[in-house]
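Across the two complexes that follow, chain A remains constant while its partner is chain B and subsequently chain C.
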Partner chain A sequence: MKKILIASISILYLVTTAHAGRIKVLTSYPYIADIVQKIGKEHVRVHYLARGNWDPHTVIPRPSFIAKVRRADLLIINGGQLEIGYLPPILKQANNADVFPGRKGFLDLSSSITMIDVPRSVSRAQGDMHPDGNPHYYLDPHNIPPLAKAITKKLCELDYHNASNYRNNQSVFLNKWNSKLAEWDRKLKSLRGISVVEYHKNFDYLLRRYGIKLVGTVEPLPGIPPTSRHMETISQIIARHSVKFIIHDVYHPERASKLLAKKHNIRMVVLPHDVGATNEAEGIFSLFDEIVRRLSQ
Partner chain B sequence: MKKTFYMVLVMLCLQTAENIVYSNSENQSGSPFSQSQFVPDISFILDLAYIERDITDTTRQSLFIPGMTYSSEYLSSIDDDTASEQNGRGFSFNYGEMNIASVVDPYFDLFVNLSFTEEGVEFEEGYFTSRSFPFGFQLKAGKFLSSFGRLNEQHGHFWDFFDQPLIYSVVFGEGNLNETGMRLTWVAPFDFYMMLGVEALQGRNSASFGIKGFSDVQHNVTVDDSRGPNLYVAYLKYSYDFDTLTLLMGGSGALGKTRLNMALDQSGIQGEGYNGSTHIWGGDITLKYLIDSFRYISLQAEYIIKTFDGRQYTQDTADNISSAECEKVQSGMYAQLVLKPFLQWRFAARYDLLNKNRIEYNGTRDTEYPENMPRYSCMIDYNPTEFSRFRIQYNHDRSHYYKENNEYVNKPNNEIIVQCNLSIGAHGAHSF
Partner chain C sequence: MIDILISAFALSVVLVGIHSYYGLEIIKRGIIFTDLAIGQMAAMGAAVSILFLEGQYIYPLSLLFALSGGFVIAVSSRKNENLEAFIGLMYAFGISGVFILLSKSSHGMETFQKLMAADILFTPMNDIIKTAILYGLLGIVIYIFHNKTKGFLRDALFFITFSVTVTSSVKLAGVLTVFALLVAPALISLIINRGKLLINAWIIGIAVNLTAILVSYNFDFPTGYTLVLLHAFIALIVSFIFGKKKRLVE
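Then we have the complex of A and B:
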């Protein structure tokens, strides 16, 4: 009896500490997980909550999220209230004080970015609003380096023994990123000045960066599906501004955007918004490779 | 008195709100003592309904589930007009609910839920939870909804239907198991979700437990109070993901003393009293298949069994009291299917069944109590945004009876409910 008890306790101990020494990082979205993996390499074990091909706003909080938060040493979120619909109750149930906002094991990436479209007045009459501004800031490739730096800083803080490794990995990452940035900037140069329509305001940071004019959205208000009256309005806008293409995401129904594209004989471009959104976007590099490829087609 | 208190409370809230507006403008001019950043998260939920029903409100009030809910004699004795108006035919104001929550300090969170009806305000929940317990433990203390089963902890606006399953209303009453006490939970450090919880509760629930003793009109029988905490609840919840299919299972038990007094101390009407102990066991399973971010199919079923062991006292209209050893074994289940095929729409069907109603007096079974009492429900809801919901539900209920010539007679009932639920303020969370 005693032997069995000792055996089972030691098995439990082994199971729970098998990965000790590696920092258990949990991120809300896969793109963050990929950056963490590239900087943390073999010193981290990374998990993420939401799937890359799903709507980042409406994530169904599965009980397994609680288990993941429970075991995390570090929780990294996108912030800007993108996780507001599912993460707070998960944190409340996971009983892991180390990763509460404000603790050492918590990082809100939006704090290293200046967000755009911060509303001057907040009212839900304007749809599903983000009072802190547009939270899809990471879709501008120029915003990735500050995120990588914030992650590196946090990893060094938590695991100072490996700080030099993290800093080395960061510079490797940033060097590669900067050369890629030059390539993407060059490829998207030709799009400067054109007008586009978006389904949801996902890619505003990208459009702004490359001087692409956003003249309207297919949804009448954030989070509200298109109505026939709004379709009429947006159709007029497309004609008036001689819109080049309609940007669509992978998770909203394509019907309305397709209809508009067909009517005006323009392209509907489906862009991945996160790592894993399409097959090609397997990592943070290929995510932007794919966005640039699809835009410049 | 109570009303005055709540009036003052509401006034205070408004006063604070005004101060916030004032201090916000003050803040811009740089007031060094601005408190506006410390305002807790506040939200308010309003729930309204329109009901069409086969039977009149008076008939509905006289119906009951034999051996499971209060008898019509008792219900008529309390003569509660408001009870018959609540969810009567036509328009009804179901509830308003105010949630106030915030961090207290590095160690605690506080949560308050005030439930507003047309009559007044009630403290539905008010509790604090620990923030910094180590090893995956969390302490909760105050008045709160027990986590027994799959649904008990859920507030009305999270329900997939207008009403809760029959077995819940039979076992815990309309307000679910809502008690003052303490709870300790532990989340296991595994790759899958496993949570263990134990609760020590006062146990005042008037459907199954209760702590206040009683005596009959002629004081022939006196039953002492039971000592609080009177009720102990424990549960284990487990979940596993098979890719985008999530399995959630739970097992719960609630053990407590029973002191129920239904008009035993009132002269001239039939009364009943129970003294003993009640054990309630429950098992639940949910399978939810996520097609994508917006669409899912969910199958959920739950079985609850309740046993009462003790003494039943019966008082007739001439105030004569008799008693018997009583043993009740009662159980029921529900199974429901919810489809969400579009962003704003959900379709659902539910089958409710009270299958067992075995009541023994002095070791002999009383066979007059009916078993296998079903209800069938289906509903469609439309959610323009996360903050508003419109629902239409149809119920075909065959679980309610009336008594005629000493026999229980089933009275089927059809109802159509149109419900609307709106929320403002702090962003509510999605539920699993």
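Then we have the complex of A and C:
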């Protein structure tokens, strides 16, 4: 009996020490997990909560979410209130003080970005649900390098033994990213000045970056399905601005956008909004490859 | 993880405790959708609070709306022959009212659903204990007055305590979960129809809750929905196989 006990304790010890060197990182969305994986490589174990093809605003929690938060050494979130609907109760129940906001094991990526559409006053009746601004900032590929830097900095802070590895991985990542940026910039240049309509304001940052004019949204207000009067208004806008296409996401019903596209004989372009949203977007690089490919078709 | 499962289980037991009684009553009275109608009225109160008062007084307003719904149903149960149709329409009125109120507020429906229904997984122990005390007191009131009152007074007592219960239960566990816990154990107990109906409903409800929570943990399914699915599935099977032939009216 005693032997079994000793044997099992030593096995347990081996198992736990085998992973002791690896930082357990939990991210809210898969795109963050992919950047962390590319910078942390073999020194991190990365998990994420929401799947890439889900609506990032409405995530239905499962028991495993709590277990994941409990085990994490580092929690990295998108921030800008994108997780406000599901993360706070999970954090509260998981009760892992290491990863509480403000602690060493917590990183809010939105703090390394200047957000757009920050409302002057927050009132629900005005349609402002995101008091910090539009939280979909990572969909501008030029915003990814600051995020990578913030992640590297945090990993170095938590695991200074491997700091040089993280910095090396970061420069490899950034070099590749910058050459990709040049390619994407070149491909999207031809879209400058055109007008588009979006279903939900997911891709504002991308559109602004490339000088594409957003003249309206199919939703009358974020999160509210289109009404008949709004459909009429948006239809007039499409005609007046000779809109080139309607951008849609993978998680809202396509009916309204399809109807408008058919009526005006324009394209509806479904864009992946996160890693895993479509089959092609399997990593942070291919996510933007796919967005650029679909836009410049 | 065990502590999280224990609090979810404790909440489900507290809910089964009181809702089995109401379940037996509403099935016998043939007014099953009362729960959904009152729940929707409570939701309308919450929507009014969100839209006009920035979410203040959400509980009192929900309760006020729920109580008026309960009172109207109690009154019309005395004089309305087609009560079930009346209740169904009240449900439709509530749900469309909520939708229209919140259509002017961005992400309104999402916020609203979160305020109205916490996931059963995330209810803190304090809230569970508070609810257990509230429902215990209501249980005592019902136990004392159930057989001492009759006629309209008894109906009024029933619908008023029911409104209070539904308002707080829906907030803790969501409309669907409350509905399943209300109807499924009571229905199975009525079909078995042996011994004490309420005690049987409790045993069935608790057993199914425990299974559902373990299944949800094991397969990593959303806990509330697993609970609803299992309760509904078992009740459907039992009533399909053992259900009695309907007594046809005329």
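Here, the second predicted complex is superposed on the first by the 276 of 297 C-alpha atoms of A that agree within 3 Å, B and C clash if a C-alpha of one lies under 4 Å from a C-alpha of the other, contacts with A are read in each partner's own complex, and residues count from 1 in each chain.
One rule holds in what follows: a contact is a pair of C-beta atoms (placed from the backbone, for glycine too) under 8 Å apart; a residue touches a chain by one contact, two chains touch by 3 or more.
What you see is a predicted model, and the numbers here were worked out from it, not measured in a lab.
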Superposition on chain A - do chain B and chain C clash or fit: clash
Partner chain(s) touched by A:G85 [first = chain B, second = chain C, both, neither]: both
Which superposed partner A:I66 touches (first chain B, second chain C, both, neither): both
Partner chain in contact with A:N265 - chain B first, chain C second, else both or neither: neither
Partner chain in contact with A:T58 - chain B first, chain C second, else both or neither: both
Touched partner set for A:Y251, first chain B, second chain C, both or neither: first
First (chain B), second (chain C), both or neither touched by A:N96: first
Chain A residues touched by each partner, larger count belonging to chain B or chain C: B
Touched partner set for A:S228, first chain B, second chain C, both or neither: neither
Region of chain B that runs into chain C when the structures are aligned on their shared chain, from 8-16, 26-34, 44-52 or 224-232: 44-52
Chain C-contacting residues of chain A that also contact chain B: 58, 60-64, 66-67, 70, 85, 89, 92-93, 124, 127-128, 223-224
Touching residues on chain A, where the partner in the complex is chain C: 57-58, 60-64, 66-67, 70, 85, 89-90, 92-93, 123-125, 127-129, 220-224, 227
Interfacial residue positions of chain A with respect to chain B in the complex: 15-16, 53-55, 58-64, 66-67, 70-71, 81, 84-86, 88-89, 92-97, 100, 124, 127-128, 223-225, 251, 253
Chain A-touching residues of chain C, taken from the complex the two chains share: 1, 4-5, 50-51, 54, 102-111, 114, 118-119, 121-122, 124, 216-217, 220-223, 225
Contact footprint of chain A on chain B as seen in their complex: 109, 129, 131-134, 136-138, 185-195, 237, 239-241, 246, 248, 288, 290, 292-294, 296, 343-344, 384-387, 424, 427, 429-432
